[in-house]
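Below is one structure, written out as structure tokens; comments come after it.
Order of writing sets the labels: A, B, C and D. Residues in every chain begin at 1.
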Amino acid sequence: MPSDMLRDVKELIKAHGTPEREVYLDGENSGMVFPEALRAMVNAYRGLRFAHPSITHRAGWESYEALYEATETIAGFIGAEAGEITYTHSGTEANNLAIIGAALANKSGRRKIVVSSIEHLSVIFPAESLRKVGYKLVEVPVDREGFVEEEAFSNAIDRDVFLVSVAAVNHEIGTVQDLKGLVEIARDKNPDIIFHTDAVDALGRVKFDVRDLDVDMATLSSHKCYGPKGAGALYIRDGVKVEPILHGQLSTQRLWPGVENVPAIIGFAKAVELLDRNFDAYVARMRRLRDMLIEGIMSSVEHVILNGPRGARRAPDNVNVSFLFCEGEAITVELSLKGIYVSSGSACTSRVLEPSHVLLALGRLYEEAHGSILMKVSPMHSEDDIRYVLRHVPEAISRIRSISPIKGEVG
Amino acid sequence: MLELFRNPKNLGRMDDANATATAGSLACGDMIAIYLKIDEKTQVIEKAQFESYGCAANIAAASLLTEMVKGKPLEEAWKISWVDISEELGGLPPIKYHCGVLAVGALRRAIRAYFKNREKPDWLPEGPTPEEKHALEEEKLMEMLARRYKIQVGKRG
Amino acid sequence: MPSDMLRDVKELIKAHGTPEREVYLDGENSGMVFPEALRAMVNAYRGLRFAHPSITHRAGWESYEALYEATETIAGFIGAEAGEITYTHSGTEANNLAIIGAALANKSGRRKIVVSSIEHLSVIFPAESLRKVGYKLVEVPVDREGFVEEEAFSNAIDRDVFLVSVAAVNHEIGTVQDLKGLVEIARDKNPDIIFHTDAVDALGRVKFDVRDLDVDMATLSSHKCYGPKGAGALYIRDGVKVEPILHGQLSTQRLWPGVENVPAIIGFAKAVELLDRNFDAYVARMRRLRDMLIEGIMSSVEHVILNGPRGARRAPDNVNVSFLFCEGEAITVELSLKGIYVSSGSACTSRVLEPSHVLLALGRLYEEAHGSILMKVSPMHSEDDIRYVLRHVPEAISRIRSISPIKGEVG
Amino acid sequence: MLELFRNPKNLGRMDDANATATAGSLACGDMIAIYLKIDEKTQVIEKAQFESYGCAANIAAASLLTEMVKGKPLEEAWKISWVDISEELGGLPPIKYHCGVLAVGALRRAIRAYFKNREKPDWLPEGPTPEEKHALEEEKLMEMLARRYKIQVGKRG
């Protein structure tokens, strides 16, 4: 963190002022928390259930009990056994454990890893890091809606493949992959593969059952399904070999050292419990808000492209649109002035303004990728929120367009 | 910075400009167009305007730069560096440096364009300055990425 | 987690019953949280300061501001710059990053790592893991109070040493190491070494200033200094080279991928702020409670040994005593029945009942190590708490002794 | 289990025992002493008592085992396995299995000790059973560790 930024950010915030209303739609970058899940975490702290769950005193036992029940809830939601869940502190960590940990345990001579070209960077980067120890990484292309090209996928699976990783739901464009079909293709061509899926954006959005899908590993993240931060999880099917990638004192689990963050896990389980209990209602609500948002934008602003599929093949919370002739980050700031918090596929967070690899992989033009805006609705949003957003989007876009040297002659 | 983003000065195309240039590109995700009206006799910048396809910092940087050069002789305008822009804006974060650099790059290209068919003054360096180089590099980098992703930049359909 | 344990733990808790009073002294395994720190975390969630701190909207900027201010607080407390702090999610992770990350960046031909024999396992195990890539690990012995043997230490430092790691304060026996002296010895014999210190148990207990001590890296952990779980930190002196050990999307920091747990870090900083503001008062209070506890036990129970040093050379919160002819874990259960939660150096958490490596390194006999009980007082404890504990310890010990076949003829 | 820890049955040394053995050791951090009073004619266990230097599960296991063998012929007592103990205790967690194993190991050693100077029955196996082996292994492991740490087990000063 460069030390002169604080003052600037303070000025930014001051100049920004407090908007009349706030609608947080940046669930992609950091998830909102169900109030019940937050309360569950706080109560865990107050009730000594932060204690080390493998220590022999009442507080430890209660912590163990709470951890175990939380694990049953989480495991149950994805059709797994409690013993098949390993906790990390984030989805990023769980993806690293899945990929690097499986490679560390890989005694076979097979050295090929197959992923889709639109995986999260916490899948792609660990897989790339294995190149220097002799692994080969194959990125299978996707079609214009983000679905894995089945033929290319099938061709990529040969006898040398050790691990396959394809996300159940894409984090940026909401593509609901035909995971079951891909698993079948893969196992058909090579029964020895380990199939990992990043299910971070699937949880609570689509039915997700590890037995039904026949996957070997699945990554979950608390804050992406309305639990508190500080908990990720990796489902590892009983019998699949994974080695730890960090080292230290063990508590109840072998694969991630240190004391479990029991309060965060309790909050995670509370979120999962709510998602489980209200699954159909939440999905219906999100889908309604999603479609309201997509249709409202498409009908009130010109030159807009929807990124990703429509209908049931799209995650119910995902809205991703490209505003042509606009740069995305400018839009995020413009909307922020109205209290609408969204993110852009071209967020200026890297030195080079490389646009989202996901959108490029779809075959989007650069200017389409740069003008993309990602919004995620949640069960906590209301129709009033969406109406507020729709009231402000057209004028925001037209202002940004008025500044641009590109006025539609390109397009 | 946010104030300049919200209410940018000198925004828009200029019909009577006698020096114009852009830096960056659509592919970069950042593009600045600079329009100058230069007094032929005194070589003082009478008017300066801009357009920007870029983030808030980009817009603010271009707005500020056009404000700074107004009324300045070209020689002085040439000397403005991205550091001056950054300081005026209250310190750009490092990931935003390139916005200042791009704005200055566009300005210098416009000044060079002005002298294309005119006698070059002594103070105008032969080779490109760091800002001009940077603008070029960024454009090239994106071309390279475009090739990697087999993507065409430009007209659709 | 074996799936038949939940029922047993439930029965344990039921059979245990609710004690009339609860005194939590197991700060070693999991720390209590200042109510203010918990509140700060909760407020962060409520105020959208869970947002991704490098995203361009108001919520992101406020999150950045809060993160930055928290970092200044934490860095300031240890005499570092904000830019020198990297967040992980635990002290275990920070120790792994320090040791493995430094080794990944090690371009020198030097391949020796020197640690004390009483380091935390999250230091020793990562260092051991480097053996398979050609590193040599030297464990320097300590004296009977846990102080590093200076001569052996000096002898261990030669031109081949790359990294040295000695904790500022030992987690089990509270030894306050003469760290400054050790750093001088090490730099004297080899100016190129990187000196890492695990400061997890030093924070808030002793003055700790990275510039004054002249260390290159220091590990911190939120829950060990009364902040919430979910935040660890590594101070890395500007210029010291460390490579990331996990891979993924970066936010504000280069060395640990994923979104920072900003709410937990805000809670961490709140705890540090309280420790900073009340340093002398807290230390005095803890020392008073510690000595009350030690003296009370030593004067009311026979055959007790204090493990670790006394007075100012011992951390103000640490009480570690061995009850001869008693097995430690049985004591923890016996005390738990009275609502007193402590831990034992011989916790039955591994398959083999290997007693604490720290106590064995001191030259303790097995039966002394097995009967050891570790208690940590905190600024949140009162004299009444200690009196309650002292009222119950003698009868607990005498009951455990009455069960034992060893009645004092050994000893 | 906690109930047996809190109020163990058959606790304490037995002066008129005619078979005694220990398993585990101080070094292990777990040690169980078993005392039996066996009817010479019927070879039925009349009384069984124990002492334990060990964790709560250890104490409970020993207490339970002594309760189970009371009134049983030696042959039947011999057949009790650590799984029976674990089940009676309501399922020991895996890390506590060795407590049941140790208790059974001590019992079998006591039975063997009883037959040391008596005629051995058919049902008594020649070689050590798994439980006896385990007790031995645990004792040895600790000796090994003791050597590694150069630590003496036993009398102080």
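We adopt the following convention: a residue touches a chain if its C-beta (ideal position, glycine included) is under 8 Å from a C-beta of that chain, and two chains touch if they have at least 3 such contacts.
Since the structure is predicted, the reported quantities are computational estimates derived from the model, not experimental observations.
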Intersection of the contact lists for subunit A and subunit D: C
Steps needed, at minimum, to go from subunit B to subunit C via contacts: 2
Whole-Å gap separating subunit B and subunit D, where each centre is the average of the chain's CA atoms: 86
Chain centre separation in whole Å, for subunit D relative to subunit C (CA means): 38
Cα-centroid distance, subunit A relative to subunit C, in whole angstrom: 33
Per-residue overlap in subunit C, given as positions that touch at least 2 other chains: 2, 5, 12, 16, 56, 329, 333, 348-349
Subunit B residues counted as touching two or more neighbouring chains: 55-56
Which pairs of chains touch, using the document's own definition: A-B, A-C, C-D
Residue ranges of subunit C touching subunit D (in the complex, touch as defined): 2, 4-5, 7-8, 11-12, 15-16, 325-330, 333-334, 337, 346, 348-355, 360-361, 363-367, 369-370, 402-406, 410-411
For the subunit C and subunit A complex, residues of the former touching the latter: 1-3, 5-6, 9-10, 12-13, 16, 19, 22, 24, 26, 29-33, 38, 42, 45, 48, 50-52, 54-65, 67-69, 71-72, 81-83, 85, 89-93, 95-96, 120-122, 125-126, 128-129, 223, 228-230, 245-253, 257-259, 261-264, 329, 332-333, 335-336, 339-344, 347-349
Parts of subunit D lying in touch with subunit C, wherever the complex brings them together: 1-3, 5-6, 8, 11, 13, 22, 26-33, 51-59, 90-96, 98, 138, 141-142, 145-146, 149, 151-156
